[in-house]
Structures are given as structure tokens and as C-alpha cells.
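Below are structures written as C-alpha cells.
In what comes next, chain A is part of two complexes: it sits with chain B in the first one and with chain C in the second one.
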Partner chain A sequence: MFVQEFIAAVIPLYLVATVLYLYRALKGPTIPDHVLGVDLLSYNLAVLFIVLGIFFEEPILIVTAIPLALWIYALDIYVAKYLERKVMGA
Partner chain B sequence: MIEELLVYTGLGLIALGAFAQLVSGIGVNRFRNFYLRLHAATIGSIWGCVYPIAGAGLVALGYKELGPYSTFMAGAAFVTSFLILILSPAGSHALARAAHKTRQALVEPCVHDALDPSMCVRGGGS
Partner chain C sequence: MSLDLLIYAVGAAASLMSVVAVYLALVERDLVKAVIYSAIQSVFYSLLFYLFMSPDIVLVYLPVAGGVLPALLLVLISKTERFERE
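Right after this comes the complex of A and B.
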């Protein structure tokens, strides 16, 4: 089957999106913009882990994506709570 | 037969996710205030993250080269996509609420802001 060729053709689109997100994460005029950029970069990284796990036929790569998804949510909640109440922590 | 169907469906979802991430990247850079950028960002996290991960799970179910770990990979992919489906809107809403309550990001081209009219910056075109 042509799975590896198809994924090799699709991955450059994800990398272009990574560059666009990185630009917003570095530039973003306000603090929520920076956090949003980091958020999107991490989601992009999670997708890339799983797609590359299929591409390289390495199933262990997928284990890294689940804690990454949970940490993105934790980052959102921490930053939102710090902005609202000026306390760190959950 | 059923394996080919799974693999083709999954590859289609991965390609859809790549297109959605590209649209989201353009939208995040082109929209004009934080709340509009949040709209583009949720396109990138649902269409661009949940669907390709579920598609990767479908590919892993039908892709024999992965060996005995293919069902493990499919299950982990479905769990990840479900977690992101639940957690990503919750995180975005918390961030938007904090940004609006603490006046970090003004509503720049504004028509009407019922929560806090003093944050509504009129003008600036559409």
C-alpha cells in the first residue's frame, strides 16, 4: 500500500502550519495570544507524533501524545487562573 | 477489503487535518483581535487535531506492517482524540474568559459587547 508515500506528501503541510503558529506565538501582542500560539504548536506536535509513528512504524511514539494533550489543557487552565486570580496552581 | 477501506478513510482524514491546520495557521495570522484568532485556533484543534488522530487510528487498524502493536496504537489514538475533543474547547473557553475579565485583549473591531461595553473599541472597519 501507499501509506508511507501519502504521509510523506502530507507532512509538509503540517510543517508549514507549524511555522505559521510559531510566528503568532512569538509575535502575539497580548499574553493570551502567546498562550494560544503555544497551544496550537503543541496540538500540531501531538498530531505529528502520531502520524510519524505510523510513518516510521514505531507504535511507541503514540504514548507521548496522550500526556502532551493533557499538559496543553493544564497550561490553559494555569494561565487562565493566574490571569484571573494571580495565584499559581490548579 | 475492510483493511483497505479503513486505510483509505484514515488517510483521507489525515489529509483533511493537514488542510485544516493550514487554514487555521493562515487565520491565526490574519484575524485582527484575540477573540477572532480563537475562532481560527479551534478550527485547528478540532478539524486539525481530533480528526487526523482518529484517522491515524483507523490507518493503524488496517495497516499490517505495524505488527502486533497495531491495535494498541489504534486504541491509544482513539483515546487521544477523545481527550482532545473534550479538553481543547474547555481550555479555549477558560483562556477567553480570563482574557476578557482581566481586560488583557480588547475587542478591537467591535459591533456590540454585552458583557462589558467599556471594552468595545468601535471603528477600524470590518
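Right after this comes the complex of A and C.
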């Protein structure tokens, strides 16, 4: 099938992008570089989830992309709040 | 047949990269960076659960490992010290 072969050709590009984002997320000199690396990694992975959901022809798999993007965004809020005030919570 | 092999290759790459993140989280002295490394590990584990065809586990694992656990660890770090001593 044409769509499956096209997606199979595209998936290695997503893997290369994942490796590049992972390098920045692991190596980044400052804390905001790490956090931005995790963000880009997870947003890339959310798109990969949707593409793989089309690849496997399973619509239920696509639902998992939405919590991934939302909950990793919460990590930004936590780290920003910690770096701003040095306190979390009450 | 090669398409199945591609999916296995994606899973193998994700597990290798999660091992790197776990090692760095263990040896890191700055505890905020260690929390971020464990978030990277949870992102790759969610990809692995996805490839094992269990989206329900992904839906539970992401709020716990991406939302609750970093929040709890940052609250604990803010109560104590940020850098680990010898």
C-alpha cells in the first residue's frame, strides 16, 4: 500500500530529529536548554504517535498524542516556577 | 516484513536512548537536571508502551511520570538543597 510505504520512508527522519533533540536535551549547558530540549522531543514524539497511528491503522492510538503534549508542558511550568521563586507549592 | 523490522528498530532506539537518560539522571549532582533527565526517560518509555500496543498504559503513565512525579520532586528539592553533596 502506498501510504504505508510513504510513512515507512518518513519514520527514519523522525528518528534522526529525535536524536538531534535528545543531544540538546542531554547536553544543553543551562536549565532552559534542557527544558526546551524535552519540549521539542515530546512534541516531535506526539507527531510521531499520530503518524504511527495512521501506519498501524488503529484510531485509538492517536488519542495518546494529546496527553503527551499537555503533560510535558506542565513540566515547563514547574521548572519555571522553581527557578523564579525557589519554592514550589504553598 | 521490513516494515515490522522498522518498528522494532524504533523500539530498540527508544530503549537505548532511555538508558542514556537514566544513567545521566543517576550520576547528576544538580537535582533539577536529574528531574529533567527522568522526564526524558518517561517520554521514551511512553513511546515504548505505545509500540507495545498499550495506549491505556500510556494514558496512565504520562500524567504520573510527566506531571505528578516532577512536581513532587521539585517540591521536595525546594524544601531541601538543590546540589547533592559528597
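A few comments on the model shown:
Just so we're on the same page, the second predicted complex is superposed on the first by the 87 of 90 C-alpha atoms of A that agree within 3 Å, B and C clash if a C-alpha of one lies under 4 Å from a C-alpha of the other, contacts with A are read in each partner's own complex, and residues count from 1 in each chain.
The rule is short, and it goes like this: contacts are C-beta pairs under 8 Å (C-beta built on N, C-alpha and C of every residue); 3 or more make two chains touch, one makes a residue touch a chain.
Predicted model, so just to flag it, every value in this text is computed and none were measured.
After overlaying the two complexes on the shared chain, residue contacts for A:72 are found with chain B and with chain C alike.
Contacts of A:36 after superposition on the shared chain: chain B is touched, whereas chain C is not. When the two structures are aligned on the shared chain, A:26 is found in touch with chain C, with no touch to chain B. Of the two partner chains, chain C is the only one touched by A:45; chain B is not. Applying the stated contact rule after C-alpha superposition, one finds that A:17 touches chain B and leaves chain C untouched. Using the contact criterion defined above for the overlaid structures, shared-chain residue A:59 touches chain B, although it does not reach chain C. Shared contact residues of chain A with chain B and chain C: 11, 19, 31, 35, 37, 63, 72, 75, 79, 81, 83. Interface residues of chain A, counted against chain C in their complex, comprise 4, 8, 11-12, 15, 18-19, 22, 25-26, 31, 34-35, 37-38, 41-42, 45, 48-49, 52, 56, 58, 60-61, 63-64, 67-68, 71-72, 74-75, 78-79, 81-83, 86-89. By the touch rule above, chain C contacts chain A in their complex via residues 2-3, 6, 10, 13, 17, 20-21, 24, 32-33, 35-37, 39-40, 43, 46-47, 50-51, 53, 55, 58-59, 62-63, 66-67, 70-71, 74-75, 77-78.
Every residue of chain B that touches chain A in the complex is listed here, in rising order: 4, 7, 11, 14-15, 17-19, 21-22, 24-26, 28-29, 34, 37-38, 41, 44-45, 48-49, 52-53, 56, 59-60, 63, 65-67, 69-70, 72-73, 76-77, 79-80, 83-84, 87-88, 90-92, 94-99, 101-102, 104-105.
By the touch rule above, chain A contacts chain B in their complex via residues 1, 3, 6-7, 10-11, 13-14, 16-17, 19-21, 23-24, 30-33, 35-37, 39-40, 43-44, 46-47, 50-51, 53-54, 57, 59, 62-63, 65-66, 69-70, 72-73, 75-77, 79-81, 83-84.
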